[in-house]
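To keep things clear, I will list the structure first and then write my remarks on it.
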Amino acid sequence: MAVRVGILGATGAVGQRFIQLLENHPTFELAALTASEASAGKTYGEAAKWRVNAPIPEDVAEMTVTETAPEAVPDDVDLLFSSLPSGVAADVEPGFLHEGYVVSSNSSNDRMAPDVPLTIPEVNPGHLELIEVQRDERGWDGALVKNPNCSTITMVPTLAALDRFGLENVHVSTLQAVSGAGYSGVTSMEIIDNAVPHIGGEESKMETESRKLLGDFDGAELSLHEMDVAASCNRIPTLDGHLENVFAETAEDVSPEDAAEAMRDYPNVDLHSSPEQLIHVFEDPSRPQPRLDRERGNGMQISAGGIQETAGGLKYNCLAHNTIRGAAGASLLNGELLVEEGYI
Amino acid sequence: MAVRVGILGATGAVGQRFIQLLENHPTFELAALTASEASAGKTYGEAAKWRVNAPIPEDVAEMTVTETAPEAVPDDVDLLFSSLPSGVAADVEPGFLHEGYVVSSNSSNDRMAPDVPLTIPEVNPGHLELIEVQRDERGWDGALVKNPNCSTITMVPTLAALDRFGLENVHVSTLQAVSGAGYSGVTSMEIIDNAVPHIGGEESKMETESRKLLGDFDGAELSLHEMDVAASCNRIPTLDGHLENVFAETAEDVSPEDAAEAMRDYPNVDLHSSPEQLIHVFEDPSRPQPRLDRERGNGMQISAGGIQETAGGLKYNCLAHNTIRGAAGASLLNGELLVEEGYI
Amino acid sequence: MAVRVGILGATGAVGQRFIQLLENHPTFELAALTASEASAGKTYGEAAKWRVNAPIPEDVAEMTVTETAPEAVPDDVDLLFSSLPSGVAADVEPGFLHEGYVVSSNSSNDRMAPDVPLTIPEVNPGHLELIEVQRDERGWDGALVKNPNCSTITMVPTLAALDRFGLENVHVSTLQAVSGAGYSGVTSMEIIDNAVPHIGGEESKMETESRKLLGDFDGAELSLHEMDVAASCNRIPTLDGHLENVFAETAEDVSPEDAAEAMRDYPNVDLHSSPEQLIHVFEDPSRPQPRLDRERGNGMQISAGGIQETAGGLKYNCLAHNTIRGAAGASLLNGELLVEEGYI
Amino acid sequence: MAVRVGILGATGAVGQRFIQLLENHPTFELAALTASEASAGKTYGEAAKWRVNAPIPEDVAEMTVTETAPEAVPDDVDLLFSSLPSGVAADVEPGFLHEGYVVSSNSSNDRMAPDVPLTIPEVNPGHLELIEVQRDERGWDGALVKNPNCSTITMVPTLAALDRFGLENVHVSTLQAVSGAGYSGVTSMEIIDNAVPHIGGEESKMETESRKLLGDFDGAELSLHEMDVAASCNRIPTLDGHLENVFAETAEDVSPEDAAEAMRDYPNVDLHSSPEQLIHVFEDPSRPQPRLDRERGNGMQISAGGIQETAGGLKYNCLAHNTIRGAAGASLLNGELLVEEGYI
């Protein structure tokens, strides 16, 4: 049976990815598109500056965009995906939650709130039970679930696989694609023949979100994982796909072979948008590479490679498609988990 | 008084940089250019496919290129700069040394040999005394000095500055420019809209050379620094300038302010090609950036920035021009040190 | 019924595209792969450095590569696609033709030979009858068909559509992707932050091939179209997709609307790999763009846009995927035409 | 004797180039910097986001930025350079002219006004006499001189050289660098692995400005050159330097050798910022290239190459640095001409 879904902030870059990913979805039916006041009342075709390199689905082009307000969204919409700028999201998401909507949000506000599940379905589906805590505390009829930042989600599945050996220290450097900053986030003058070793707020997101994702939830409270994480984040002249160099120290000694096996065998979930295998591990040390590997598993698979021993542990590289697995696809997958777990 | 110098492997990318850097040198006078057999006998203008974005100096264009063999180089040449491929260098450098030439070499062979000084004049000029050991052991009349790999030299001055706090562990990720692989080393299909997390041999060069550079020489033997270094090396679509993310753990606690001061105040040397200040430290966390900062100090200054505390120590970024400070300029500066110290 | 096909020069960039395009072909069955001597005897998986961003089809990876010689190719192969370097093709194609093979070749040798059809199925399918002339003159049992150069094929369908108004003069400038030069044809140092206004031999290919493609074949002889064509060819830092600016002067006055209509309504052919509509005409003057539009029609559609009047006629832009419509897809489509027309 | 100059719109990309070019100017002394209201009162160091890859001159960093209004600029300023957005310039330039300031403006407003000289000092210095007409008609005490658009100025010196053979028809395609759109004009998502065949208004600027620049001024009226010009303008992923393919038809037959000679021998002017030779003509058909040749003559020389015969005339390529010769350097040179001709 179809689940009626809406997109809050549908005209932006992530909003466009949502539309693309929902195009042939077996159970989700697109029923609402919201955007800023300036777009309200226009058809989506008029309101959006479409930049995906496949034509805009015709029926979506004809849909009318509404304001981003609970009263503007049809009551029979079951699930909302949010890709609003975080400042806007902080203002308007609570209104939807009070009205009883279930919101799967990619926006960065409230990700670290103790009663908001920050979820990757393959990694910590149990955190969804925080919704009970959330409803108790906030008096919401709806439910709010967040997915992590694109740079966090690229690394965390591999860390989850290694945590059986007792993660203690993680150092990570990122080589991030320009699409992570939105369509106009990085100018060409800034990045051609260049790299920028700073992305505002990104490092602390990686350092804290990863500890929440791997943290323990005892039914009442969520405690952060005890590992230390230090991140350095860089923007490079790549369109899509975040590549990361991870140095991981574990309590137990781990061989590169054991690490590869732990990643390859990491248990998967049975959701429509989840890849067959969560983590693909390359033998070729020159892989993964953004352009060659970001589309694996329709952009939902994590790639890893170059696993080697260091004095203190392991080093390896990992990669994910930042606007699919790292944004729209992450929220979508959380939506599928919410349905599976009976929250919708 | 002029020092007569020659370039072994003068037609390649690093060879061309040597010519550019020697153009207005106050004491070095270019007197010999060698290349492969195919180029011998031609004028340099005919033999070299000139790719520097300033015209080839006219007098150099008229010079005749010779084979890379001691008998082809005039006897009155005092100092040779070598930018030969390392396999070739391993074959031909010893011949020049037996004939009494002093060779300042950028080639990677023999960098870790216990009797070959691996030198950055501002960091470990005292290692030059290894030449005595070298002459004793090898029976050479000449002297061989190496400079480190371009990715090593970008990081080591900043580590040298921090070593007063007792370096214990270093993790480093590099974002390296394509020029580091030579003119044809990286194809456009490989790197546009992409990044490659593997550069053959590069990681172990960084991990070992840095420990030699910061090692102790007791007059007889050189011992490696005891710190652990783990490196991940990446190629990105940038023309020149290697950017590196460093995570450094020290015995003593160090504040970012103290680290910045240690870098800014790091003692300099008084050589023609040495920058006024060895390390420029930026306050702006988005700097250094390759395109904006690689030309600082005529490509000889190291830039650093983004210094922050981590759980275990510090993180920061550093940058150097890989074909100037990281190759031709490094050998040139070693040549100037050799003159200063009386080896020529 | 399946047509058994082989690829001459299967390991190169265009060879890899052939394999990709043949993967789910309804009638062509891949039965032979040839390459240079060094690859003969290896499996394709071993021999090819696979660079397409989708995995190599498993059954193809297991096939054994043979030498490029008639005796090495199974007799029951009906059709050969050739993507050999033109010098090699000039040497070995005749041998296959003497042995009776039908060869659809992307190699540039013999394209302008008066008895070799140079064909775009949608534009000049009738030129295929030159095969009779060819067999008479050369004594071949087989048949040789060529497709034009990637830069020619991008422009010619639009010119064919406009020729009803009497083409007289064409000026064209190209902005060509690096993949047109093969995987290693353009180094990154050559093209990042740059453009190169010269591609050896390309301009004269455009100037002559276009006149042959639009020429008249009277059953005995092919006469070139009388228009003048002047081309300037440039390489730019784009991976795939050639963009071209065309200035066309016609005998009759043509409005931009009439030109657009002539392009949109240009008759199509009913072959598997032909797009539904040959030429897509954009209203948005900023389109077509290589990255956004090269994949239209699975890389087989021509895009046009920006049609405007000039003092002497019209100007407009056109685009095609250079390694699909401009190379492997072009040969494949010619192969489909050969089957349709009963030559196989 | 020093000429006191000011910059209207000093914080933008072209404004920053002005400051760089004025740094060691022998006769111009920087005395005023204006910007938008938001910057007024700040030091230039605070107000400008400095993006030139050389440090901001220290004395300039300390200067106070004022509003862009005549009353905010010291009376003893002799000459103003304007790099305001054209809408702003149309509003505020007349006020300065009424107050008697001489303005050398890079802004596109009024370039085609019949009483405003549009000048390249080496090409049409005599057009400066239009200032008399301008003063008569507008009642200005000051004087307004414009320089052409960056894409126009790249081509026009070569056309001026060829006009001795009687220019009749010009077709031109441009490959333009992103800096031409200002620092934030082209996003990275728009241009990496791409090209855009449309720059708003650019084509008509080239088509009309070139005819004014080569037009005749009879002392009272300026008539446009009779040639037809058709332009197609493209943005490509290059930082600086516009490359153009020109097809020129002339009344007389011209050989490539004669064309090259006409360009090489084109008379120069004796102004500080004019290059020694106006047009450098390459023999190597692969030159000029943006990255290799844009800095020739400190960014003020035009490069040409690839001159060949076509059916109707000639084709060739030309290049200039778009933010130096094509913007700030063009206005500066016009300023030097104004001094030379006694207007200041």
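Observations on the model:
We just call them A, B, C and D in the order they show up, numbering each chain from 1.
One rule holds for everything that comes next: a residue touches a chain if its C-beta (ideal position, glycine included) is under 8 Å from a C-beta of that chain, and two chains touch if they have at least 3 such contacts.
Nothing here was measured: the structure is a model prediction, and the numbers come from that model.
Among the pairs B-C and A-B, the greater number of C-beta contacts is found at A-B. Chain centres here are C-alpha means, and the one lying farthest from chain B is C.
Rounded to whole angstrom, the centroid-to-centroid distance between chain A and chain B, based on C-alpha atoms, equals 42 Å. Rounded to a whole number, the gap between the C-alpha centres of chain B and chain C is 47 angstrom. Touching of two or more other chains is recorded for residues 51, 192-193, 237-239, 291-292 of chain A. Against chain B, in their complex, chain C makes its touches with residues 51, 178-179, 183-193, 237-239. By the touch criterion stated above, chain A contacts chain B in their complex at residues 169, 171, 173, 175, 193-198, 228, 230, 232, 234, 236-239, 243, 245, 247, 285-292, 305-306, 310-312, 315, 317. Within the complex formed with chain D, the chain B residues making contact are 51, 53-54, 192-193, 291-293, 295.
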